[in-house]
Structures are given as structure tokens and as C-alpha cells.
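Order as written gives the chain letters A, B, C and D; numbering starts at 1 within each chain.
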Amino acid sequence: MAPEYRMMEMMICAASRYLEDGRTVAVGTGAPCAAAMLAQKMNAPNLVILFEAGGVAPTMPQMPISVGDSRTFFRGIMAAGMSEMMSTCCRGLVDYAFLGGAEIDKYGNINSTVVGDFYKPKVRFPGSGGANDFASMCWRTLIMTVHTKSRFVEKVGFLTTPGYLTGPGAREAAGLPPNTGPYKIITDLAVLGFDEETKVMQVESIHPGVERDQVRDATGFDLIMPDFIQTTPPPSDSELRILRGEVDPLRLVIGR
Amino acid sequence: MAPEYRMMEMMICAASRYLEDGRTVAVGTGAPCAAAMLAQKMNAPNLVILFEAGGVAPTMPQMPISVGDSRTFFRGIMAAGMSEMMSTCCRGLVDYAFLGGAEIDKYGNINSTVVGDFYKPKVRFPGSGGANDFASMCWRTLIMTVHTKSRFVEKVGFLTTPGYLTGPGAREAAGLPPNTGPYKIITDLAVLGFDEETKVMQVESIHPGVERDQVRDATGFDLIMPDFIQTTPPPSDSELRILRGEVDPLRLVIGR
Amino acid sequence: MKIVEEGCNALLMDPDPDKARGFFEKKSRAMTDKRTTVKEAVEKFIPDGCYLAIGGFGANRIPTSVLHEILRQRRKNLGFLGHTSTHDFQILCAGDCIDRVDASYIVGLEARGLSPNARRVMESGKVKVTEWTNYALTVRLRAAAEGVSFGIARCMLGTDTFKMSAAKVIECPFTGKKYVALPAVWPDVAAIHVHEADIYGNCHIRGISVADLELARAAKHVIITTERFVGNHAIRLNPTRTVIPFYLVDAVIEVPYGSYPGNMAYEYFSDEDHLKQWLTVEKDPEELAKFLDTYIYNVSSFEEYLELCGGFAKMKELRNLEGLVDRL
Amino acid sequence: MKIVEEGCNALLMDPDPDKARGFFEKKSRAMTDKRTTVKEAVEKFIPDGCYLAIGGFGANRIPTSVLHEILRQRRKNLGFLGHTSTHDFQILCAGDCIDRVDASYIVGLEARGLSPNARRVMESGKVKVTEWTNYALTVRLRAAAEGVSFGIARCMLGTDTFKMSAAKVIECPFTGKKYVALPAVWPDVAAIHVHEADIYGNCHIRGISVADLELARAAKHVIITTERFVGNHAIRLNPTRTVIPFYLVDAVIEVPYGSYPGNMAYEYFSDEDHLKQWLTVEKDPEELAKFLDTYIYNVSSFEEYLELCGGFAKMKELRNLEGLVDRL
């Protein structure tokens, strides 16, 4: 009998499976942090977790509230600073970074700055923070977001953080390091990747119980949807046991 | 009755008097370090002593042997690194730096790299070390050296460290920060400065007992020698007492 | 130098390294007693119109007492360096203190949500904004700390973040690679909260330094608030720990719990209830005005603010929350 | 980018940041036991012809055991990064190990005088030299540590040091100011001596760090020798102290008195008599050869070298000399 789970648990488990052992991951608070912690306890015991404000490999007793709070370096390996962490990304030592955002387009570009006119915006969001830095300099960017038509747009209103920009070769032309870019997008409906050739977003797996049309309808652009699409493996018993019992016992993330 | 003193003591005392209170000075080992320590105990109690390898404001129990040894930060204010110290110079926070060298020319340029062909030198010296850095970025460079014709040359065989380069305006044209450059040269014969207009070396004072011609004969170029030249005030009783009793009781420098 | 491309927004501060040198040439290096009060430090070093930067990381190790005093002294038209500014930015927006900002992370409080009032301020169009990223602002401070007028990085390229910045794209003279050239920024004043300082301004920080080491070196004036004073002998016993030396510092004030309601690593955790209250009252401008009167404008000292927020009992609670981390 | 002027000597290492990224992409980040022996570390990470950098400051906090082993393994044609290299450079010259050098301070031992043998080697014309300054080499390492292909500074301008370098003069895209552009250098391998490390390579250094933090980040491979091992819990108790994290490190070896005859701050002072002996025997190549046989080539371990130099009694004497400084 398949275990019952919440969609946030599905997303965290799906994300955690992409994190390989012996690699580095820059995380934020919330779901990405939970995914990295779960990976450490499942498939990637030697995964190194980094935080942009300076924390390296903490022994986290509980989820951080801020990427700069004391949990991010509690019994950690190092408590450094922003320059150190971002330089480490630029040097090619950081494999994965997790991002979110208000809008995302078919090339994986993200808007987290404004909706409307830049000088008198309809909505002002925080801006890049470290997102643009991570997406520019880490090898593989993972994005976790809810899947709605207003978020998955043909073209972002403001390109805060680079995905594949205008398509194949655009990152390299802009001067970004080669072989970098968005890797997977984990939503509440599916896992998406990018077509090797066109760099356009494509569906890689759909979560159990979700229909193909639901994914299409929740996307504001022409998504590549192969004829045969796998179902995302649901959270396993052991994933759920560890996620609920060890990673987020206070249900700060999975309780949402 | 004037006290007896050695020429090294005269040089150290003369140098120390140029160091103003509340200012910063980057020193090496030996005589410059002694001059700075003497200044702290005489006229400049708030003089801050810095070492290029990272030491700041040590409480020196004895003279350092290396600008990177533990004496350079013993009970110091900070033990940092090379980047920190040189950045502090570049930011305009370091007032004085002390230099030496194998050759010096009429514009205060210094050679500490090679004599003869660069690729197969007759004599190889250490090179710039931090000398070029200090002379480029600190406000006022002080040079302590023995005064001989082979050292004071028309043109240095290799320009390791910038004085006024080829004369007025040359430092600025090269891109060096304005209002910087060699300030005083303290030799065993005299104290020399630079003519405001031409940036050529000129005699400012001659040490007691030294003749004008001695200075001229020990210099391999046309030195500006005004008609009236002061005698360098000899070491005072209290300067000598402190220098011998507190600064260099083991006579590591003044004993030479 | 060939400029490949450039951002269209205003450069808020002059990146001329020789003007900065001219300032630093005159700054005293004497190791004198720099103790003062928060009130005097703000009066003296944070005039209307100056360009301000705040240490820490939004709601972690922030100089709250200085931020409140800026409001009480009704400062206006400040420039602001907003690299992951969260609660600090929120406070300054509440006081309507800012008229221009170098922004990389503003109006948000990370996982806590967005600040309704900071958004109102920023959506009014009255505050001039130039966009950057967190690392870009760090590189700008680092360049200033190194005494040069620009630094380079591989972020911002190809994005609207770049277009709405004042950066330029250049090519490496050795490899031809493209870089974003980031202009140095020497803030007029920085306020930084630390764990320990002596009366001369020599500082210890425990835990992450964020961008504060660069900031302390870049800023023309530096105000330090410290959890506690230590004797100069404690500095000299272990000079490896000194991260901000006295000659950078203009004023130092002992402010226990000085990062409250933010987190202070190894000391006390953040007061999430109080931060949530801020976000709640901000929904209604009138509620916010009353809240600000109660907690800032009608308050005479930071100690009084701590009392209003629960005093010793609350601080003990927050110390216990933080207490899971190691004290030395 | 417009190049105003350029140095005429060879760039010894490729400053391409993407080639460096390609290397670092494959480097393991796993926190594994990296203990080994000096012999194995030199065999594995310092092949003939590679480009080497040594931590510390010439005769302060240097990895002497690694330098001696390089001689015993008869390494040839090494490239060398010579920023205030004194005793380290002297040893490598004695073994005739170097065929090219990025030089800012070589052949000298500061106040102790010049090395007759290192001078002979450098005056032979057989070693390719490119000139720099101490800060220039630090900026080159710092640029590499930041993952970019160049850094800028205001030194070297207008001098023969610049002309005999591989630097270029460029202009600031914001201010038009001239800067020396310094190419990043990613050494093949660095050997650094530290006070404490755990078996994974997490390191503590007490006192000045010179350029070692930049070096550990720039080098493709890092060999750490440490005065003593500490447990991983000691690292985690105070992560603020970690200056070199494990993922930079390839090998770690416990070598007590590992900086001898150099100074190790807070541990032992330099052995000035032994250093003077080096300078004396170097005057005569035959004397030097005998000296090297006695102290390096016919010696099987660093411990044996320490015995030859006076053993525990001498070490106690040097500890007492250093002992005037504070231990924590």
C-alpha cells in the first residue's frame, strides 16, 4: 500500500534525489534546505551544504529561518562570509543551487524583482539577492516552485536571474561560464528539465495523480511534452520517515 | 657636552623625527623598525606600526628578524595578511613606508633586482618584495641607506621601485596615486629630500662632522646642494638613552 | 577601455579612488577612546542625505539601536546600500528615511514574507533604485576596501538586473572573457554590530562575517555597537581574532542585545513574534504609525525598547533558544 | 579591452578561469580521511615540471618537511611562485629543482643576508624569471581564488618591474584611472603548514596568514602539514576559526616542528644558528653538497632531521625563545 503524503513532501523528495553524494549544494531556507538534509540522510551522506551568507556544512538541529542565522553554521565546518561563498561558486566548486521566484519562463529565466514599470512598479519583489549569483556561477540550478499559469510565463516581465536567456548559446555569449544553467524545476505537478537542443523547458515526469493536461493548463507557454512521460516516483516509506522524523519534526516546511 | 654616538644611531634618530604622531608607518626589520619604535617613545606615542606580512601595532619585546616573524604581531592589535596590509596602503591609510635598496637615482628610483643583463645577471638581488607596493601606494616613502657613489647613481640599472620616475608628473602619468612619492633619504652622511619643482634629489641637512664635499663625492649625479644647508641635529641625550636602553638593548641594529 | 555594454541606472556614489584616498589621508589613525552614545554617533556621522550601509544580514547581527535612533532623529534622503537588507530596510522605510538605494535584496524578510510598508514605499516610485546582486554589492565594497575603483565578477551578465544597474561589461585583457565591472562604493557611513570591542574600536565577531569586513574597510565613517566591551589586553592576547582594527572606527557604543529583534549568533535568537508583529501592523499605515510611536518614537533609549518587548524574561527566553549553540 | 602597455616576460600559467573551473568541477568535495605521509603526498601531487607554491613567509610557518622531500625525490623543472620566498627558495635552489619562477622576493633571507647558492642559480641564466611584487602575486592568487582571470592594483606602474612582468596596464571603465591588470594564477599544487588540522583537512592558523588563504583557494592541489591534529569536534565548536576548509585539501600530515628551522608563531622561534650555517656552507658548492647529504639526502624522515639539529633539547630552547608570546 502506497504511503499517503502531502505535495510539499513529494516536491522535497523529488528534489533530494537529484543531489549526488560528495557534491556541494547552496541552499536557502525552507524546502530546498529540507531537500538537501533529506539527501544527506538518504543517498548523499557526503553532500556539503553551503549558505550564501557564509555558513558551511552545519550540523543543523532545526531548520534555519534566515540563510544568515546561527543555524546555518551551528557546529559547522566554517563560518565565513558572502565573498568566500560566492568566490567558491565562481571557482567551480559549487555543484547545485536552489532557487525560487515569482515568474519563470520557458528558458528557465526567473523574475524576482518587479511586475510592471521598473521605476513605478505594480509589485516590487526583493530583487536578486544571491539568486542571480548562484544561477550564474554554480554548475546546476534547481528551482522549486508552485506550478501556475501566472508563474510559468512565455517571457518574464523582468529577467532577474539567468536561465538559458534567449536560448542555445545565449549564456555563453553573455559571458556566463560554460556548461552551467537551470537543471531541474520541481513543481507541485511535475519535474521539468530542458531540451538539450532548444533549451526549452520540457516535462520529465509528472507526479502521481496529476494529469498531462493539468500541467499544460498551468503553464503559460508551449511546454515540450514527450509522448511518453514517466510518473515521478512517490515518496518512499523511508524518505517520509526520515523527512518527518528527522529533517522537519516541527513540520515547519512540510506542514504548510 | 655633546654625547658620543655611532652613525647608525644618528640615522635612526634622524629618521624617527619625521614620523608624526597619530600616523601609520609600514616598516621592515632593522633600522626602520628601530626608528619607528624610537618615534613612539619620543614624539609619536600614537604612531601605528604595520608590517607587510600582516602584523599591526605589536608590543615588540625585541626586534623582529623577519617582517613576518611572530614579533611583528606579538600582543599586537591585529594579525592579518598581505592583502589586508597592501589594501590598507592602497586605500590611503598608510602614511609612511621605509625602504632600502642597492641603487638609488636622482629621482629616488630604487634598484633591488639585478645588476647587468636581466636574463643573465651579474648580480641578482631579491627583487621588489613589497617595496614597489609600498612606494606606489603609501603617502611618503622614507629611504635609509649608506651613501656611496656606487649606490647613488645617475640612473638605476633596473627600476624596481618607483621614485619620481623620469621627473615631474611622471608618477601621475604612469597611473600612480597623486601626492605620493619619496619623501626623505636618510644616509650616513646627510638627509636628502627632493626639489619641489624638478623632483631632483637635494641635500636638506648634513650630519655633524660631515663636509659638503664628502656628500658630493659620494653621489654619482648632480645633487642639488643649496648654499645654506643645516646641520642635522645630533642624537639628543634622551633619544640615545631610549634607543640604547629600550629600543635596541641587545644592540642588534645600533651595534652594526 | 572598451565597454561592451552598460547598465542604464544611476551610479549613486563616486568610484574615484583618489577622492577616497584624499578622505582617508586626513582620517586620524590614533588609538583613542572612541566611546560615545548612539544618539551622538547618529548626530555626528549620519547627517541627512548621506549614504548609509548596515552590517550583518537583515535580521542577523544588525545594529538595531542605530536604526531606531536614525528614525528618532528624523533623518531624510539617505542613500542606502541594500544587500540582503530585511529588518534594517523595513525600519528605514517605516521612518521614510531613504530616497535612493543600491538594491539587491529589499522589501523582503526571507522566509517571513514581504514587508507591506517597504513595498508601499518602493512601489510609490519616490525612491531611486539601482539594481545589483548580493555578490555584486560585496565586490563593490571589496573593491573600495582594496582602494581601487572597480572589481569584476561573472554574475549579472545577460539579465535585466544588469540593465537596471550602473555596471559595465568589459573583456579580460588576458583571456578575452567577459566580466561585469562593478564600481567601488565607499559609503559615507556604516553601522555594524559585533560581539566584542575595546574602547578604541578593535572588534571581534563570532560566526559569519557576511560582507562586514569589506564594509568596515570601505566606509568613510564606521559606527560600532557591541554586545560588550573587552579590555585592550583581550584584543592583544589573540590578535588573529581582530577583524576590524581601531583605525577604521569612529565611534563605539556598548549595546547589549543590540541586534534584537534579530539573531545574534552564540548570544540570542531572533524574536520571531516581534518581527511578525511588524509585518502585521504594516498592513495598515495607521496601525504602523501607532506601533512606531510605541516602539521607537516615544522611546528614549534602546534599553527602554528592550523593556517594552519583554525585558529580561524575553531576553532569557531568546538566549535559551540560541543556547543550543556552543559558547566558548 | 584596450591595453595601454604590457610586460615582456612569459606568463607561466594559463589564467583561463573556465579551464580552472573544469578542474575544480571534478575535484571531490567529500569529507574523507586525507591523512598520508609527506613522501606519498610529494609523489602524488608534486610531479616533475609542475608549478608549486609554498605557504608562509620564507622562514615563518613553512612546510619544511615537504621541501626536503622534494629534494629527496629529486624533483626537476618545477615552476615556482616566489612571493617573499627565503629559506624555501634556498632549499629548492639547493636541490636544483626549479626552472622557472614568478619572482617578487627571491635569493634573499631578509635581514640575514643573501643566499650565495640561490644567487649562483639565478645568475646562471638557466632559470626563467618573470618579475612581480609581493602584492601583485597576492592579487594574482586572490583573482584565482575569486574564480576570475585577473585582478587590478596600483603597484608596478612606471617601473622595470612592470616591464619584466607579464602584466598589462588597463584603464578603469568608470574613472579612466590606470591600473596594472594581474593575471590569475592557479598553482598546480601548494604546500602549507598550519597550527591545527583535522584528518579531513579543516585548518586553523594562529597569527598572520600572509597570502595562504588566497593560496589554498587558488591551488589545484593542497598539501597541509600541521603541528598537530585536532578532532573534528574542535573544528565544529568554533567554525569562525576555520581558514582552510576540507574541500580545498588533498593531503594532510601531522609534522610537529614542521616549520623548523623557521619560526612558528606561538610555538617555537626560528633557529638562527642553523639558518646561518646554511648561508655559510653555501659559499662553497662542495661544502653545500656535503651539508645537503647530511641534513637532507641521507635523512629518512623529518624527525631524523630534527634529531640531527639538536633534537628535543634544541626544540625546547626554541620553544622558550618563542615562549614570550601568549599561548591560549
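Methods note: a contact is a pair of C-beta atoms (placed from the backbone, for glycine too) under 8 Å apart; a residue touches a chain by one contact, two chains touch by 3 or more.
These numbers come from a predicted model, not from an experiment.
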Return the chains shared as contacts by chain A and chain D, ordered by label. C
Among all chains, whose Cα centre is located farthest from the one for chain C? B
Of the chain pairs B-D and B-C, which one is connected by the greater count of C-beta contacts? B-D
So, what's the distance in Å between the C-alpha centres of chain D and chain C? 37
Could you give the separation in Å between the centres of chain A and chain B, each centre being the mean of its C-alpha atoms? 58
Rounded to the nearest whole Å, what is the centre-to-centre distance of chain B and chain D, using the mean of the C-alpha atoms as each centre? 28
Counting only Cα atoms for the centres, state how far chain B is from chain C in Å. 40
What residues in chain C touch two or more of the other chains? 17-18, 146-148, 153-154, 177, 179, 206-207, 237, 239-240, 326
For chain A, write out the residues touching at least two other chains, lowest number first. 73, 75, 79-80, 83, 90, 137, 177
Name the graph shape formed by the protein chains and their touching pairs; answer line, ring, star, complete or other. other
Chains touch one another in the pairs A-C, A-D, B-C, B-D, C-D
Which positions of chain C touch chain B when the two form their complex? 17-18, 20-25, 27-32, 144-148, 202, 217, 235-237, 239-240, 242, 245-247
In the complex, chain D residues that touch chain B: 56-60, 83-84, 86, 103-108, 110-112, 114, 119, 122-125, 129, 131-136, 138-139, 142, 153-161, 164, 169, 177-180, 206-214, 263, 265-266, 269-270, 272, 322, 324-326
Enumerate the contact residues on chain D facing chain C in the complex. 1-3, 11, 15-18, 146-150, 152-154, 168, 170-175, 177, 179, 181, 183, 205-207, 237-240, 326, 328
Can you list the residues on chain A that touch chain D in the complex? 21-24, 46, 48, 56-57, 59, 73, 75-80, 83, 87-93, 95, 137, 139, 177-178
Show which residues of chain B lie in contact with chain D when the two form their complex. 28-30, 52-55, 61, 65-70, 72-75, 79-83, 86, 90, 109, 113, 118-133, 136-137, 158-162, 165, 170-171, 173-177
